[in-house]
Amino acid sequence: MPSFLPLPAAVEALIRDGDTVALEGFTHLIPFTAAHEIIRQRRRNLTLVRMTPDLVYDQMIGAGCASKLVFSWGGNPGVGSLHRLRDAVENGWPNPLALEEHSHAAMANAYSAGASGMPCAFFRGYLGVGLPDVNPNIRFVSCPFTGETLACVPAHRPDVAVIHAQKADQAGNVLLEGIVGVQKEAVLAARRSLVTVEEIVDSLNPASPNSVILPSWTITAIAPSPGGARPSYAHGYYSRDNSFYVNWDAISRDRASFTEWMNENVHARRTA
Amino acid sequence: MPSFLPLPAAVEALIRDGDTVALEGFTHLIPFTAAHEIIRQRRRNLTLVRMTPDLVYDQMIGAGCASKLVFSWGGNPGVGSLHRLRDAVENGWPNPLALEEHSHAAMANAYSAGASGMPCAFFRGYLGVGLPDVNPNIRFVSCPFTGETLACVPAHRPDVAVIHAQKADQAGNVLLEGIVGVQKEAVLAARRSLVTVEEIVDSLNPASPNSVILPSWTITAIAPSPGGARPSYAHGYYSRDNSFYVNWDAISRDRASFTEWMNENVHARRTA
Amino acid sequence: MNYSANEMMTIAAARALSDRDVCFVGIGLPSAACNLARLTHAPNLVLIYESGAIATRPSVLPLSIGDGELCRTALTTVSVPEMFRYWLQGGRVTVGFLGGAQVDRFGNLNSTVIGEYSRPKVRLPGAGGATEIATSCGRIFIVMRHHPRAMVRKLDFLTTLGHGPTGVERRQLGLQTAGPTLLVTDLAILEPDPVTKEFTVTSLHPGVTREQVRANTSWDVIFAEPLQETALPTALELETLRDLNARTAEAHGAAPALT
Amino acid sequence: MNYSANEMMTIAAARALSDRDVCFVGIGLPSAACNLARLTHAPNLVLIYESGAIATRPSVLPLSIGDGELCRTALTTVSVPEMFRYWLQGGRVTVGFLGGAQVDRFGNLNSTVIGEYSRPKVRLPGAGGATEIATSCGRIFIVMRHHPRAMVRKLDFLTTLGHGPTGVERRQLGLQTAGPTLLVTDLAILEPDPVTKEFTVTSLHPGVTREQVRANTSWDVIFAEPLQETALPTALELETLRDLNARTAEAHGAAPALT
């Protein structure tokens, strides 16, 4: 059974400097409010894992939380570059950022392998391309039956997974619905997990017997956080604030405007 | 888009002597009516693949359809032995039956690998036990990162998968609900697929955006077959006929009573 | 209250489960023991069936591991590949229950064949989930009836690894899980010796003699000192088990064969 | 009707899709082309987005591949690991659309860095799904604007395999999929030579000259003989595309950057 905690206490309890942390959510259900709390608590030297480091990691990287990024696509979807990510990689601001770079297929399989208790993931991939030359965590094995060359990457086993979900019940079971991404895998792969939720309800009342549910004993802490995915969205609750994603391009383009925005919108605010 | 066919025409079109055929359904949604049609059409030398060859394969094996069985648990769940399977293995009646024997984990992973376009499946398993000595399709590889010994089996790629489902819509999309077993994987792993359904509806109206649905273009043929899982069950339609499972023990125990039952209940009947 | 040896066996197995356990449940005796525990001292016990049902709370015992009752009363139901990958292999199960046609003194099990594999005298059901349940669950409880043909010196086939043919192979393979820690029969409770891993009788059920256990065990069975006597079934345990069995018999039209 | 070069590019890409295709769709130009095809000549075209949405029918173009509109209008939505395992790697996609910062004459793509990998001048987004889309889909359509910095002699980094650095590596790797079969730009349509696999201009868009194409291609581009002229956009194509873009702009509060 997870602990029900206010978000600041949950971040305080679960996330330590130097941890490997995966905040997941594939466009949908991105745990922005949790990320802001991590920024406010000034966590440092995190290894951040995420398939699509978009605005949420641009903010954390620009705020100086991360020393390494494990990822497969870093951009502002449909808008352009992540300027804070680029500034860290190209100019080392506010600190250098090491990259461990994969493809989406590798990342998705690595989470799935972590959830499965496997040491590594095998898939068809990475043939004839450059990433294996720059990432020693990409290797190849032969199928013992056909001889086919298969790619292999280590399983993701983050210290902490952080996700946002629609609902938790009083017993601590969590329901996800819509675009579910790799969040279930991230939680099952991690040593500890923090789930922020739109609401805590008496019963999940899942729509289907096969609804996507994380049972209570797979979760370390639950923090209520209505709107916790904004400016991302929560299926059934609120829509994506597309204009914020477009505006982020200008806000994040230079260090001063970024810093000002973060001071006003993150550091000056307290989470309930 | 699949063909909508009466069951006899679908079996005629999709299943040939010598094929590797997987009828799946894990207690729930077992495609008995399709199996009976295969028996009536006197298919021979089939390689039958199934995690749990229970009554449905006991009937097909006793009827002489199979020359090989790929499986992980062959019994009458909660009741006892499969007498026709045992008679084939122990005495070669009505014909010898070769066995390729796995564990459930291997079978489930092999279907998943087949659905994934992989040549083989890797998992933690088969350590220190006897099956690898009697099944050359069980091999071991080392994780290239940790050196851990992992089991490897070939992916299942049956010629035909046969499953039963609750509903198809007019476009040929199929909904499964409840205990969904390995049926989706079996269909995606197979070259051809036959789905019998309780009913054909205008719209699937899935309960959840994440409901288990097989899209039309993954299915070769759909045959309406209300009650097509009996004496197994269909979640939302009818319950399992547990007494038939108990009674099967006596029916199947000797060749004469089995043959008589099959003549009366399978051969003498026609599917609509 | 009077009780049968089977009832004693099921109750003794149920008592070994705690309120914090997550159990991978097979059909028959394990299912009865797990649900009895859930309905008595361990209301938060989580039951997982390999058909995909997670945190299920059946009001009657399933005849098969995929009964509709399991899905209807589950928190959620996942596919079988997910069950074996994310839940079993993922290390999320604390206790796995196993049985078999034969067990040896080191908790290795045979559910494959009696006789030679290629020319079996009796073809048994096969491994099912057992092979990987035995290596993925935190610990394994074995529940079997005491009989010389079941408690054997040497297995005809090693379907499922206990502590290994000589008690050391499991450790040598580097497995991180404990393997069999309990063997409950209709006569006694056996636990592995901490050093040799040989199953040793640690408790006799009330009224059972050492001689009965010896006569029904094909290996030279060792008794712990001091030897315990299993506590009598309580009225609550017996009533709960009988209610469960009665509801089950009514629902299935007949008593499940193994309870 | 007047039309822009971007509109011509999107329309030419849309025409290459048939009613029987199953498309793995990226954001921006591919999404516009695929949805235009679905709304005109290919109503049964199946669109799959890597976020998990299968057979989706968005009425506005998504700004990201995980927009709620994709899930709401999908037949079903699966997890991202399932998407990459069962759907993409499973070989169930006939056409994958790709773009990138750089393409070479053999259809290899760079979306990783400009400059050296360890000290990049420009850090680009990275591979995303492209690496395995390129090898798992039946064939690949590339859609990019014609520009000398985009159509390069040599990639700074090989993110995504086309036919390989010299046009033969893909075959040598034994891949069973066709790789890039079409490159649509705002100036022309290019197709690989059947033997050398070099992308060759097979059709110029109306009003475009060979000189324009040469000036915007860094390699010595070859023109097929006879060279075709791309058919003008029809009124239906233009109106459908503009309606789609107008609905999209209204829904998002601004026009998506790439359409």
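In order of appearance the chains are A, B, C and D, and numbering begins at 1 in each one.
The criterion applied here is as follows: a contact is a pair of C-beta atoms (placed from the backbone, for glycine too) under 8 Å apart; a residue touches a chain by one contact, two chains touch by 3 or more.
Please read all numbers here as calculations on a predicted model, not as lab measurements.
> Determine the set of chains touching chain C that also touch chain D.
Common contact partners of chain C and chain D, which must touch each of the two, are A, B.
> Supply the minimal count of touching-chain steps required to go from chain A to chain B.
The fewest touching-chain steps linking chain A to chain B number 1.
> Write down the chain pair with more C-beta contact pairs when B-C is set against A-C.
Between the chain pairs B-C and A-C, B-C carries more contacts.
> Which whole number of Å gives the spacing of the CA centres of chain A and chain D?
The answer is 28 Å.
> Averaged over CA atoms, how far is the centre of chain B from the centre of chain D? Could you give it in whole Å?
40
> Mark out which residues of chain B touch at least two other chains, giving numbers and ranges.
112, 116-118, 123-124, 178, 180, 184-185, 206, 209-212, 235 - these are the residues of chain B that touch more than one other chain.
> Could you pull out the residues of chain D that touch at least 2 other chains?
Each of 71, 77, 85, 89, 136 in chain D touches at least two other chains.
> Thinking of each chain as a vertex joined to the chains it touches, would you call that graph a line, ring, star, complete, or other?
Its topology fits none of the listed shapes; call it other.
> Go ahead and list every pair of chains that touch.
Those chain pairs satisfying the definition are A-B, A-C, A-D, B-C, B-D.
> Using the touch rule from the top, collect the residues of chain D that touch chain A in their complex.
Of all residues in chain D, those touching chain A are 27-28, 50-53, 62-68, 70-71, 77, 79-81, 83-85, 88-89, 112, 117-118, 120-132, 135-136, 157-161, 164, 169-170, 173, 175, 252-254, 256-258.
> Contact residues on chain C for chain A in the complex?
22, 44, 46, 54-55, 71-72, 74-78, 85-86, 89-92, 136
> Which positions of chain A touch chain C when the two form their complex?
1, 112, 115-118, 173, 184-185, 188, 206, 209-213, 215, 217-218
> In the complex formed with chain A, which residues of chain B make contact?
It comes out as residues 116-120, 122-124, 137, 139, 141, 143-146, 148, 150, 152, 154, 177-178, 180, 206-212, 235.
> Would you mind writing out the residues of chain A in touch with chain D in their complex?
Contact set of chain A toward chain D: 26-28, 51-52, 71-75, 77-82, 85-86, 89-90, 101-105, 108-109, 111-112, 123-131, 134, 149, 178-182, 184-185, 212, 233, 235, 239-240, 242-243, 245-246.
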